[in-house]
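Per-chain numbering from 1; labels A, B, C and D assigned in written order.
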Amino acid sequence: MDASQAQNRTYLGMPLARPRVAFFELSSCEGCQLQIVNNEANLLDFLSLVTVVNFREAMTEKSDAYDIAFVEGSVTRADEIERLAVIRKNAKVLVAFGSCACFGGVTQLKNRFKDPAWVKKQVYGDRSIQTNDTARPLEDFVSVDLRIYGCPVKKEEVEKIVTHVVLGRSIVQPKYPVCMECKENENTCLFDLGEPCLGPVTRGGCDSWCPNSRFGCWGCRGPAEDANVGQLQVIMKQYGFTEETLLDRLECFGGFAKDAEQLRTNMKLSPRRHEGTK
Amino acid sequence: MKSTRTIDIHHITRVEGHGNISITVKDGRLIEARWEVVETPRFFEAMLVGKKWENAPWISGRICGICSIGHTLASIRAVENAFGIVPDEQTASLRLLLKHMETLQSHVLHLYFLAAPDFLNVGSVFPLINSHPDVVQRAAKIKQLANDLCDCVGGRRMHPTRTVVGGFTMLPEKKELVRFKERLNEIKTDLLDTAELFRSFAIPDFSRETEFVSLQGNGAYPFIGGNLVSSDGVVKKEQEYAAMTNEYLVEQSTSKWSHLSRPSFAVGALARLNNNFALLNPAAQEVSVSFGLKPINHNPYMNNIAQLVECVHVVLDSLRLIDELLGMSWKKPRHPAVPKAGIGVGAVEVPRGILYHCYEFDDEGRIVRCDCVIPTSQNHANIQHDLSALAEQCASQGKQDREIELLAQMLVRSYDPCISCSVH
Amino acid sequence: MTAPHHGRQLRKNDLAKFEHTYKAEIASVSQLTAMERLYRIQIIDPEERRLFSFKPGQFVMLELPGIGEAPFGISSSPSSRDDIELCIRTAGNLTAWLARATRGMRVGIRGPFGTSFPMETMHGQNILLIAGGLGLAPLRSPIAYVQEHRNRFHQVEILYGTRDPSQLLFTFQYDLWRRDEIGLGIIVDKPDPAWKGPVGLITRLLEPIIAGKDEAFIQNTSAIVCGPPIMFKSVCAMLNEAGIPMQKMFVSLERRMHCGMGKCCRCNVGSTYTCLSGPVFDFWSVMNLKEAI
Amino acid sequence: MIFKVCEQEELRRLFDILAADNTVVGPVQTGLDRNGSALNAFKPVADYTNLNLGYTTTKLSAKSYFLPFRESLASFQIDGNDWQKTVDYHCDRPIVFFGLHACDINALNKLDKVLMGNTYPMPYYAAKRKNMFIIGIDCQPQPFCFCRSMGSDTVLHGFDLFITDIGNRYFIEIQSATAYNILARIKTRPPEEVDHLQYMAIAAHKNKQFTSRVDTTDLTKILDMEFQSPVWKQWGDKCLGCGTCANVCPTCYCYGVEETVDIGLRSAQKVKTLYSCNIVDFAEVAGGHNFRSERHTRLKYRYYHKHRGFVEAYEESLCVGCGRCGEACLAGITVPEVIASVRGEES
């Protein structure tokens, strides 16, 4: 957006900087960026707080002079590592935007195979294709200043965080698990309805988005602080769910990668049990 | 002026994903026009191997942020077809309503935010906020309605939470649907205003004959499942999709490409309209005709208009669907799924064209093989051929670089490509 | 309840008091150290200003709309009715915002809340005022009281310890205190080259003061101790050793607080509300609070 | 105390009279759980037939109607350097509770002590509490109920009417003049000897139904002594730190406050959200120091607050023995078991 349109904003009489923000995407579905555009009601207010200087999905002009870079997606190719390094250099604040950027997201599901050649072959046959063996979160390559969790990110949360950044407030994300907000929303617990849920160990802040739809949480926001995954494992068993069900959820978005790895090892489960049957 | 000119567009903007255009013209003659797809592959088809069926819609919906609802529905349909589940009327109607709202949301996003800036000579929608506030407000209003209704039926607008194999996890409240009826009625005029806006745009005059592939309507304009049809007369069953898409690898793209009767074919709004014009709602047909858009139209830029026509169609059809749903008494939202070995295919018309998900299951319902064919990957070859023809035409007309650059980008944009999706 | 209730008073219009905010203005800001600033805050409405009074040891909730609200001990003299002074360390969200604040900013004040140091009951006694670090901020109020009523007290000693000389607060007042015949001992943990005073922990300053004192002195001495838990724990242990009754040692506890009025439970220690029964406790009560220290 | 008796059908008339100008909230069956048992919740009810007066318990207590999980304490209009604060107690209509069990009414009485007593009554709560009309109803003890141990199986005050089903008619206890006047609008009669006998028989029968109990003898002292007991660690290892126990509890009232600015920077909100002492940052202060960083210290604190601190302050426990927390806890941590283990009893 044209910088000349920027008026000087203040809050309680204090002048506020109007940060120049840029959006970038690595390997992703670009859904998190789209959530910005999906925010029809407050888009104009959003645009009066910041100056968008780079948003390939929505605009042609681009600039490398930005304060805040929102980077969506995981790192899966050498050129992305280079792009990310440049972004890091240009940005004062680098935001890992969404679960892919924070944890690797669904894309890191390929990591479990431990056999990159097989993975490539499954899609591209014998053709050579340039790709890294694993999909990784941003912080494996650069330092990250702020994380916005979620697959997809929640627009209310993005708004709040952006407002806080502009105001110069510190960003405090919920440390409690999803259950907290689920109860606040007066949902019937999915375990009572016979459905599995990762809410007891997943970081809140999504307003129990999935359980509100009677759909158990898959842990897209990664672990809550002090998450008791071991106890959840006991509970899942008590409620008659298989370890595979728990594993599916733990490994879906990468936030629980360590727990998933551990569980997979304990289960002696091969990720590609079907090769033989094929 | 130098005799050899190269136009390089690295990472074309206002499209979803990463693609490059490169055009080389020497002495007024086209040497090469290239459409390159440089998106990073994410390997969804490998990722799903070994996973239980319930993971498929949840994970594969993440192929695309814009049409996650379409992916989810295609994936669910593939699983249901494999397990022999036929959705009841309530589920089918709700899914179609959800699908319609995704179509509306995506088309409006494309028309206003991605395509319109070209016609209004700006780089993005942002300057329009000040110069054309009514236009931006109208776009936001329609999009918001579509997204809100997606939230209401699907749980959320992106990566939906209520859509599952066997139906829905929960149903919308009927009084909410009644409220949406009002809002749908309200935006009819906004759509007519949208038509007026696009009528004021000069749609580039360019045509190249090609083949159009879509679902075949069976009594209704098609969106979910059914036979596959091409404008060259090919008809196939849903499960024979592979014979329709014939995917192959090319060096200039990380996405696969497709062909059928000719070197390339097109899918999308224009293809659907060309193949099923008679099944459009009469009011939508009227809008179409007013733009001179009648089957079979070979101008790829007219895809924008076809999208506009479809917006009118889905809004009117949603009103019908809501009436139908309000007349039903709610049944159980979800039926249990019993996994069994077999192959299932789900074909769904998503905003950018026909999308296929295909899974092979073992008898416990674990995925043995997975294949997803994305609309944009089916379009890539057609984009390449259009681009060559367009560049050739421009070169012979002696057009300036800037003009060629704009026309080439507008051409790619008119397909509303979802490049990251096509690579998945 | 195990804790004493001195300083607690019922107020009129209790219901409306819950969220009653005095609108106030930052009248001046002075930088004391790199992290601490002294804010002079004046209630805008003259009538409200007249009605506002507090006792040494009490705290207020300071609010910046939309930014946050947090408890701060009042650091100025209870007899100055025109304004209050808060000494605030940059620690997080609200305090970082305040660090950028300038004169004229409008803030909200609720309170005063909590118990206070029972100054009147100490009349005629010796007083030890012992502070560690930021603990000097809440002590400045009882010190001011002592200054203003110097003849009502016998020996008065301020013992003050910080990590290094750059963190010393209220340096401009040291001479004024000494002039009023208040003993002042300062010790730092990590001296810089210019430092000439004693080095070590605060207990080093305390030793000579209580060592060899006769029974009469000990029995007639009260102590006010403010600082981090680890500090007041060892200081109080030493005072106890010397024979000063635990009921005559007063400490100020710091806990998370969201209401200041005994509702949110965040400041509960065991199950005593720090905001209602505290922040000032006698040390005997603290001993009885599980997990207080 | 004034007693009356009415025919069952009269209750519907009472409902209709009350529902005409008030929001009536009562137990409603919302579905079935995975075992096919009824799920109940307190919901606004417009039609008497939707009430499920014979309900066993509800998953969540009724507190969202008087202690909402999220409530704005104040809003601010921001105007340049200046701002205006507006306080709203969010109480626009009286609420009629139709069918609260004794434990839940006792819970209100306990909350009254903290939220309406001491130095600063909380107007958000008080306003709603004063605008309540409560009809209590008797219940059948469930396996998880230990209200009897907590002295909450009967309730002495804090309601307007209390009704007991004594077989095809209701025995009514009248507490308030309002209730007396409203009752005049339906058909009642004074109880007779046979009604008294029947009432007492039912009460005696109910007393025999309790299976779950907590020994509260000397509990404050025992908790004090067992502060370092290793059983806390064992329970702490199980605890998910999810806050569910506090959220379903009718008496948990702890909260946090957060201020936010709207994205247009024109207004700000000060919002109170019920919090739970089991949440990791409950006692964290600026600079990151956490007074209860370990899970078991937080779990222990919940018990100390309810069963020790509150007793010392008010001579009664802050737990009514409704058993909701134990039922809702996925890790299966229940009050009777925890207390028994602290007392060194086999559970």
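Structure notes:
Going forward, contacts are C-beta pairs under 8 Å (C-beta built on N, C-alpha and C of every residue); 3 or more make two chains touch, one makes a residue touch a chain.
All values derive from a computational prediction rather than experimental measurement.
Counting hops only between chains that touch, subunit B reaches subunit C in a minimum of 2. Counting C-beta pairs in contact, the chain pair with the highest total is A-B. Chain centres computed from CA atoms place B at the largest separation from subunit D. Chain centres here are Cα averages; for subunit C and subunit D they lie 39 Å apart. Averaged Cα coordinates give subunit A a centre that lies 45 Å from the centre of subunit C. Note on chain placement: the centre of subunit A and the centre of subunit B lie 25 Å apart, centres being C-alpha means. Averaged C-alpha coordinates give centres for subunit B and subunit D that are 52 Å from one another. In subunit D, the positions touching at least two other chains are 78, 81, 83, 260-261.
The set of subunit B residues that touch two or more partner chains is empty.
Within subunit C, residues 64-68, 92, 104-106 each touch two or more of the remaining chains. A list of each chain pair in contact follows: A-B, A-C, A-D, C-D.
On the subunit C side of its complex with subunit A, the touching residues are 64-68, 92-93, 96-97, 100-102, 104-106. Within the complex formed with subunit D, the residues of subunit A that make contact are 9-13, 42, 45-46, 48-49, 159-160, 162-163, 167, 175-177, 179-180, 183-184, 186, 188-189, 191-194, 199-201, 224-228, 231-232, 234-235, 238.
Here subunit A touches subunit C in the complex through residues 11-14, 167-170, 172, going by the rule given at the top. For subunit B in complex with subunit A, the residues that touch the partner chain are 11, 13-17, 40-47, 49-52, 54-55, 58-59, 62-66, 68, 109, 113-114, 117, 123-127, 129-130, 140-141, 143-144, 147, 155-159, 161-162, 164, 169-170, 249, 254, 362, 366-369, 420-421. Listing the residues of subunit A that touch subunit B in their complex gives 1-2, 5, 25-35, 37-38, 40-41, 43-44, 47, 52, 55-62, 76-77, 80, 105-107, 109-110, 113, 118-120, 122-125, 127, 129, 131, 135, 151-152, 209-210, 212-215, 218, 244-245, 248, 252, 270-274, 277-278.
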